[in-house]
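These notes open a run of structures that come right after.
Presented sequentially are two complexes of chain A, the first with chain B as partner and the second with chain C.
Now for the complex of A and B:
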């Protein structure tokens, strides 16, 4: 798909985002069609995430939306990495929707944010993925190149 | 210069090298020499057309593409470049006709340029509509000016006839025509803003992958329609329905003719939507 397709589609998504976003999702910056930053909040009273705001970074390739965007949580003084058995402490997210197999081109930035919101909302485990420390220390791969094993789809 | 196919290929490679360095004039020169050596090589025509496109030599592009299409009427590149040149020259109908033809060839031959050809169809429709719209707007304001001038003439005529009457009657005449002129301007303005307000993009016309108006919608087993180019691009990587993730093959796709007609008609009246 020619690269202007990603830009065109992202332009339209941005237009929509400027008009309205679901509750708990806010656009922080979208300077170009390569990298966008959004903040998300969990809206129910899950004690693990109550009163916290989390920062997401989206990176788009020229083949978006045929290929998934790269999405990670970013750590800042007032933006922690949410605790979750599928989120590594360096912000890398293990979600099948964001992998080559689980992605679908009808997904978009808004729907990804909403999926992450509901992934947090439904979680009760106050823990990191198994092997988190080792993974964070050793991993130099880009998130999209990691072949996650989606061992537990109930979390 | 002698005629020889191998010599033409060497000249073409030199042309390609210059083209990559953005030396389009230099590249065009080598392609021309290559064409003298081998006037039956189609890629020489399309390469020279591409170089000429870059230089804005539209007539030259049309010549090259036409020559190439005489050798092979189904040369996708030649039809595609031809459409671009026609569009640049504002030959809107020819541009659209050739863009549709390029798209058709892509579908028939499973050509990877289907997305680009589909985008060209939309671009042609949009520019053709923009042009018609500009003309219409020009005509409307010309009409408005004409009516305004007529009002003034009528008013002056009435004032001349009333030359012997008192100042009060003359003021009345002036005010009456002033009122009419203001009402007329208001009505013209209203028609302009009503048109802007009508611009709503209906969801049914939109491809959920590119977010553009569909040109050639195809329907999947789940009942959802997508632009053919988009869903093909997806199915080349994953043979699944984007919505349900059920297995989906290219051979499962069917044209959605009713939706196609609706999209065509919508675009015909709302050309702005091709680039909303």
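Now for the complex of A and C:
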């Protein structure tokens, strides 16, 4: 897979993002075709996420968009990690869309952001995934190498 | 497109003497230049082999990049399909196989923009060689879908299971729409915009900016087609910049002057603009506003001469000669049109005269009318109009030349309108007359056909009688014996006819047979004879 292909596709996406983005999504930085940073907000009045902004980091491999990008939440003083049964407190997201099986090359940065928005919007549980503390302490793997087990079809 | 030459002829025609022979193509490593993998090339083959698309546009770039991978078969195909147009290619053009890089269809620029429905959801560019899934009807570029299917054998949009080979087809409508997209030539420096189906031929054959192999066989670096000339040779030798004395590859010298060269600018002596050194001549001859130049219409009499920016203003606003020249040009065009129409009218008149010889009744008015107008229009080569402007200008009898020309235009326009009307009228008359003529002829033909048919019936009837008589053998009927005599007479000549000559009038052969057949009509018309022969038929009435 020539990395040019990823760069071309990302170039197109960036062009579109510069033109317009859906409400609640903002581009923070896109210096190259390897790592982009975006901010997302939840737009409805879900008390869990009201008035909060979350920072997302996208890492693209040379095989994008055939293979999924690596997407994690980033913790900063004013950018917490959203609380959600599928988001670990170190920012790693358990979402089948971002795994090899659930990913599809027609997805893009914008659609991933929107999926995450709706994943937060639909959540009512104020909790972390089971075994969060242990996972956060023990995990040294990168998100794409973690073998998630997608059991919950409600999100 | 003329039929393709045989490969041998074609090789001879395409390869220019001095350029390395086509065989060397095999050694040239397109593979590393090509972004397309051979896997996608395999699936592309339906396009290259489909005759319609091959004729419409030369094989897609991937066809060329398949050179080393797919062996001589595909190469000879692409060569023979492209041969037809090589006659018109500029002499320094090299063959298609020398193109250094195939078109990268995913980086093309579409000046008018492209609707999102025509864009591949995977690469987000307008489809290139689209395939549609049979199960769910989603469309992708074939190479994009290949890549996606390598990972998962499902449709990237709705995850329905897909087989790479069986569940895909092409949609003619989409292909046509894509072919019609306006696209800009991908070469730097070329501003050519064409429909997408023509891009490939522009890029591979005509565009001067396309990178091709260096004409020097030992050199492996690409060079723009316009610079790839056997008489100049390799442009990749090193040269020294005459301004900064840096060593630069000769082909890049121009770019070096424009961008990298230190101390390469100079001040224009007239307008004190800072200009790249080697472009100074061009600047002075075409751009510099302070250089003194003559008016553009100097050749036809304007004597104005001043600094360029003033001259430009003069040409735009106040140059009388220029305006007149422009009007004159328009006038000449109109005159050509009128002459053309006039010829047509004359032609029609000649034709109508011919028909008038048959129908002298109705057309005399028309001819008179046309004669009048044609007299009025006799300005084919007449000096009247051409002479007028100068005489008008010199006489200076008030009003401007523009007014004169406007009046002239109006006159010509009304005349044109008259002529058009007349032509239309004549067309009508002509058709009517033709129709009238043919109607009469048609009737006559129908009548004649009827008569011929009746004659045919008679002949058949007569032959029937004869056949029957012959079949009756030695019966003593008059028709029978006469028939025998006839054939006998034909075979043996006058002597034989002489024997039975009492009843036959004509002496020999077929004539005798006919005469006797006629005689038999008479015989059978006699009631008593017919009864005795037991025949029931009557001859058809004339």
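The rule is short, and it goes like this: the second predicted complex is superposed on the first by the 154 of 155 C-alpha atoms of A that agree within 3 Å, B and C clash if a C-alpha of one lies under 4 Å from a C-alpha of the other, contacts with A are read in each partner's own complex, and residues count from 1 in each chain.
In this section, a contact is a pair of C-beta atoms (placed from the backbone, for glycine too) under 8 Å apart; a residue touches a chain by one contact, two chains touch by 3 or more.
Since the model is a prediction, treat every value here as computed from it, not as a measurement.
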| item | value |
| --- | --- |
| Fit-or-clash call for chain B and chain C when the two complexes are aligned on chain A | clash |
| Touched partner set for A:104, first chain B, second chain C, both or neither | both |
| Chain B versus chain C as contact partner of A:135, first or second or both or neither | neither |
| Which superposed partner A:65 touches (first chain B, second chain C, both, neither) | both |
| Contacts of A:13 with chain B and chain C, given as first, second, both or neither | both |
| Partner chain in contact with A:5 - chain B first, chain C second, else both or neither | both |
| From 7-15, 241-249, 259-267 or 295-303, the chain C stretch with C-alpha clashes against chain B | 295-303 |
| Contacts on chain A seen with chain B and repeated with chain C across the two complexes | 1-2, 4-5, 8-9, 12-13, 65-67, 100-101, 104-106 |
| Chain A contact footprint on chain C (complex, rising order) | 35, 106-107, 121-125, 144, 147-148, 150-152, 156-157, 159 |
| Complex interface listing, chain A residues touching chain C | 1-2, 4-5, 8-9, 12-13, 16, 65-67, 100-101, 104-106, 108 |
| Complex interface listing, chain B residues touching chain A | 115-116, 119, 208-212, 230, 233-234, 237-238, 240, 242-243, 245, 276 |
| Parts of chain A lying in touch with chain B, wherever the complex brings them together | 1-2, 4-5, 8-9, 12-13, 65-67, 100-101, 104-106 |
